[in-house]
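So, here's a batch of structures to check.
In the two assemblies presented below, subunit A is common to both, partnered first by subunit B and then by subunit C.
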Partner chain A sequence: MSADTAGPETLGSLSDEPQHQDPNSQQAKEIAGKSPLRIALGRLARDKIAVVCAVVVLFFIICAVFAGPISHLFGVSLETPLASERVDGLNNNMPKPEMGPPFGPFTWEHPMGVAPRTGNDNLAYWLYGCRISLLIAASATLVASVTGVVVGLLAGFLGGAVDKILSFFVDTFLTIPFLLAALTLAPILNERFALYDSYATIQKFSLVVVLALFGWMGTARLIRGEVLALREREFVQAARVMGMPTSRILFKELLPNLAAPIIISVSLMLPAFVAAEAGLAYLGIGVTDGVSWGQTILQAATPTYFREYPQYLWQPLLGIVALVLSLNLLGDAIRDALDPKTRR
Partner chain B sequence: MTQDPNTRAEVEPTEIGANAAETGERRLEDTHDVTADHEVPIGDLDFAAVAEHGHVAAERDPDAPAVLTVDNLKMYFPVKSSGLVRRTIGQVQAVDGISFEVPKGGSLGLVGESGCGKSTTGRLITRLYTPTGGSMMFEGQDLAKLSNREMKPLRRDVQMIFQDPYTSLNPRHTVGTIVGAPLEVHNIVPKKQVIPRVKELLEVVGLNPEHYNRYPNEFSGGQRQRIGIARALTLNPKILVADEPVSALDVSIQAQVVNLLQDIQREFDVAFLFIAHDLAIVRHFCPEIAVMYLGKIVEIGDRETIYSHPHHPYTQALLSAVPDVKQAAVGGRRERIRLEGDVPSPINPPSGCRFRTRCQFAQEICAKVEPPLLQIGKRHKVACHFAGELGAHPATPVTTEILGVDDQGSAVPGATPAARLSIPGYEKTWYDLDTKQTAGA
Partner chain C sequence: MFAYVVKRLISGVLVVTLVSMAIFLLFWYGPSSPAQPICDRETSNRCTQTKLAVYEKTLGYDNPVYEEYGKYVKGIFVGRTLTIASNDYECGAPCLGVSYRTKQPVKEELVSRMPATFSVAIGGAFLYLLFGVPIGVAAARRRGTVADKALVSSFLFISSIPYYLFALLTWLYLTITFPIPFFSDTGYFSIAQNGPLKWFGGLFLAWVALGIFGCTQYTRFTRGAMVEALSEDYIRTAKAKGLPTRTIVYKHGLRAALVPVVTIFGIDFGTLLAGTIFTERIFDIQGIGYWSLQAVQGRDLPVVQATALFSAVVLIIANLLVDVVYSVLDPRVRLS
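After this line comes the complex of A and B, so read on.
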């Protein structure tokens, strides 16, 4: 068997001429491959629920980014010249009929009405509340996912003592009850920074820190598990054989393969943080200067206002529910699209 | 040049498959014969000339110097106890003192059953593991002692082809990135020249160079293995460790890939350490073969000796397990040597000879004294007290004089065992089994 002559399958393919072709031709474009992420994106675009959710999310993002121009367009602002011009002190501080609901008809001056007692414009507060909500949720997500990814990568890839120490921190943070820690931290921070000029900024910053501090562990665990599985794949060993430095292996070889779990954890973390931010604001330990959906809910949730003026409560609630729901559904759709095992 | 017949037949990728055939969408007017296309124009050449075109079994260059010399290489993996304080309670002796040489531009085959330490040996040479002991001399440097930093420049010369083409390519990188990565890591060529070099390499391994920006998932198993080979060739290595490079492939593709490896060896003068369990492929590819059992080399020699005159009972059993078409055709039945029992645990290997628990010739000496890897021919070494051809195993141990023991394995007073019994390569003189004398060429 050792003296076999050339089989047709061995030499023929090496002997024919390479086909020259124009790199801009249709055929050449088809040769350019599709990355797995682009295939997933194509699948996502065919998912109707995902598209609707993406449109809703986009709407909220536009509201948040262009809160200033939009409120200017409607001629509303956060400033209230004089509360008594808008609210009726003799009628439980309810808005006057000419300000719109609940006692008057719809008016373009205040499309979503005004708040009882303070007379603030609801639309302006809703738009800026959306901005605060998304800003805090997005930055907390960013901080938490970057921390989680780095911790997970290091723990999973380096293993040994590094893994033990990092996993210990993950477990420790998981044992601390989030709400209790947040409730404890808020008065301490308030006391400490109450007299600073930039108190509002510090407050938002500390809110991001608190949210991120108790949000990174899930991602870290997820990424660590994925890395443990990927580490044994032969392409990582091939990278080692060619002498690739560890940092390059981590960020150029492993990280692209972790795109799916990272996107999933981000898309599920974001709505959780939006809800948590509103919840904390309602408890009085979030943003306390009033421009926040949670704060509006806190003010609206009194029996009198709710009986007479339920729209005041529904507006921020609807924003939170729509945003969280569409973010969650979008996250699920992204996970389905990225998972090659789900075929629909 | 393309491997994909669809490209040539101008079949749109979406048309491929049963649906296209049913709806008649596939254009069938393309009539050229793919097989004839691939056929080598033989014409009126004689057989010898045709054979020259083909892939014959690789031959050994007898004067080639060793490019890699492995001496007494050991790899013990610790076994940790469970619990808070994880103490080492044992060691898996995956590779326990093996020695061999890989000649320059030649190839050494490493065969053995699963778990015998073949792959570990390959990973030791590429320094995916740090050896517990021994040395691996490569160009005057001991790969076993180098730190990872010192190892980096040498990694250009020692590359590896992996077993499974489905996990050895990063699914998120294009072929161009995968094949070009070694160039970037070692900063060999400017960034602009990476793509031309990648295209050149893809052409060498028989792939369409225009496919450099495709992803691995768009290729078949054989094509993926070619990509893996191209990556290993990127740095012009001097030695390639091929860890079962064809065992994950379809049989029809195995021949293509093995022949490609032979072409590469001839063209670039690369030395191969060819790890495999398919004896037929090793026979075709490697002029020299080492048989491993439980972390040790039991027999090493050139192809003819190992396949025609094996002296170790394990090699004989291994070869008898290979189905033989010729014998089936003539109706004769060959005696099949069946090994009893399982491979012993490498954590606690048997004393003396490791094969003795399954060996039909085992006697008391086998449990007491470990047989040395004794050179018994010009290029033939065997580690057995009762080394002999099949059916002609001696009744008394052949190694007693060298080891200074009696037939039961007890030390003979006054006798001095030979100091150094095994060197990585071959010596000019050897111990002749028939005459029990040192013989020479």
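After this line comes the complex of A and C, so read on.
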């Protein structure tokens, strides 16, 4: 590695060509003062793929957070219009939309066209679908990470019977295939809450619970392994000798040292949950009120619609693929950046 | 070895019992009333409290839960007669309940749908290995070259796309936009009724989608294991002895590298057998996965319960087999 491309990793290149430096000089201080996370961020910033992916992810986050203002800006909304104004209902097999390509000229009223049959605006549904997708994936990731970290910390630090019991749960949940479990739980949750007024909200809550229920085990395993190594270190023993309560050792001493594995597990979970949310919606057992990329794909994937109007399918599909792909690649880059063994 | 298998079988039976209890309890306490779907269905959505009470009584939901679980287990071994409202339904052993929709014993339909799922699973799993292992070996032999890097990154790209979108696009483009004659009529056609050619043509696209997507994972595993195996000392010894490259790679290298691949394959195959929901839904194959999906949408609780139990049993058996096969393949693993 040549010195001028080394950047923040100069610690490595210094050992290559030992130069005697005054330890108090400006440069040495700068080098010594970098935390592992800062180094990782520096490496990430120089990874071109990571930067592109981060920009794409940021774009989706902006779309999700500002779904309301953006759709207002374009003058579109989720409200179901009078379908006959936008759709040629006489065309029996294919109630084709009359606005937007390929059936009409491009119009700023509906930049992404309207849906066949219902005449709903595609842009509004895309934006709010993006919001649902990220909202559910992020909440599930949060719940699953917190569960996984707590279980991992307890199992790793306390050991003994607690470790055995928690590890048993981890192993049991790991053997349950997610899709089959979701399929079993869906009718039960539907039966229980189908008659409630706020069914749509409850459904999203239960979706987050189901996703998190089958997503926390990886994190728990990773954290447990890390804690097993960390708990033998001097600073933990020192804290014990000083009589710190266990909860304080866990959350003040151990948790800050677990930043890297937590970031790694989050980077693995987010794209998986985005894909799972849309997949369940496609099967009709996730979000069923229509505002989800998976639901749009389900409607658009019928042979008649797809033959005449393929971009109705491609809009949500590209959304999912771009989001999942960039989250995956970004996660890969983050894992590489956090791993001191890889040198790019 | 024998003692180990017996031990594992006993623990497997124990786990199946626990799983069946968990599923039974889930369906007993989960819904606000487990009889609601059948009541809605029979009265065409005009289910009143009195009618619901009749269904709950005849289905046994007013009895203690352990008593009903006992009847359920007994039904699995000797069969039972189920009463729904005023009609009796004979349900022979192994009785998994009576479908709310068709009023037929669940077991019979489960058996009739097994060939479809098994065909998909066996074909797909075969392609996993057929593509995955040789490509992985080739990549490992050319480690560090442009071809290897291109392969690894393009497979990373494919496996980053959610599977169901990959399968959906395969189906849409190869059956609707550019229909391939003979293969584009997807679905399950039994060999006995339609002949092997029709069976093959209907399932071919499903196998390809499943196989191509799944083989990326196997390529990665095989490549990793091969790279490790080829750097072992005994490979150097084999090279020094002057053995032909083919023998070194396949006999000495691949044999050692395949052990972890077989483990993962066993679990994957078990998961496929338990129900390939997306593949069956997209390619319109009337197998167990599609059936359980239809049951969920039709609120057919006995069918959902039965498919859940079936997949649990299949997975437990697959896990047991993998552990036994693992010890046969790798003598270093001691079972105890």
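We take it that the second predicted complex is superposed on the first by the 305 of 344 C-alpha atoms of A that agree within 3 Å, B and C clash if a C-alpha of one lies under 4 Å from a C-alpha of the other, contacts with A are read in each partner's own complex, and residues count from 1 in each chain.
FYI, a contact is a pair of C-beta atoms (placed from the backbone, for glycine too) under 8 Å apart; a residue touches a chain by one contact, two chains touch by 3 or more.
As the structure is a prediction and not an experimental result, all values here were calculated from the model.
Between subunit B and subunit C, whom does A:Pro187 touch in the aligned arrangement: first, second, both, or neither?
The answer is second: A:Pro187 touches subunit C but not subunit B.
What is the contact status of A:Pro177 with respect to subunit B (first) and subunit C (second): first, second, both, or neither?
The second partner, subunit C, only.
Please indicate which partner A:Leu195 is in contact with in the superposed arrangement: first for subunit B, second for subunit C, both, or neither.
second
Examine A:Leu283 and indicate which partner it touches, taking first as subunit B and second as subunit C; both and neither are also allowed.
In the superposition, A:Leu283 contacts subunit C only.
Would you sort A:Ser247 into first (subunit B), second (subunit C), both or neither based on which partner it touches?
neither
Note which residues of subunit A are touching subunit B in the complex, please.
1-19, 21, 28, 30-37, 233-235, 237-245, 248, 253, 256-257, 259
Going by the contact rule set out above, which residues of subunit C touch subunit A in the complex?
It is residues 23, 26-27, 30-34, 36-37, 156-157, 160-162, 164-165, 168-169, 172, 175-177, 271, 274-275, 277-278, 281, 292-293, 295-297, 299, 301, 304, 307-308, 311, 315, 319 of subunit C that touch subunit A.
List the residues on subunit B that touch subunit A in their complex, please.
Per the stated touch rule, the residues are 1-3, 7, 13, 35, 37-40, 47, 50-51, 53-57, 123, 126, 128, 151-152, 155-156, 158-160, 162-164, 167-174, 181-182, 185-186, 203, 206, 208-211, 213-215, 217-218, 228, 231, 235, 252, 255-256, 259, 263, 280, 283-284.
Could you please specify the touching residues of subunit A with respect to subunit C in the complex?
Subunit A residues touching subunit C: 175, 177, 179-180, 183-192, 195, 271, 275, 278-279, 282-285, 297, 301, 303, 306-307, 310, 313, 317, 320-321, 324-325, 328-329, 332.
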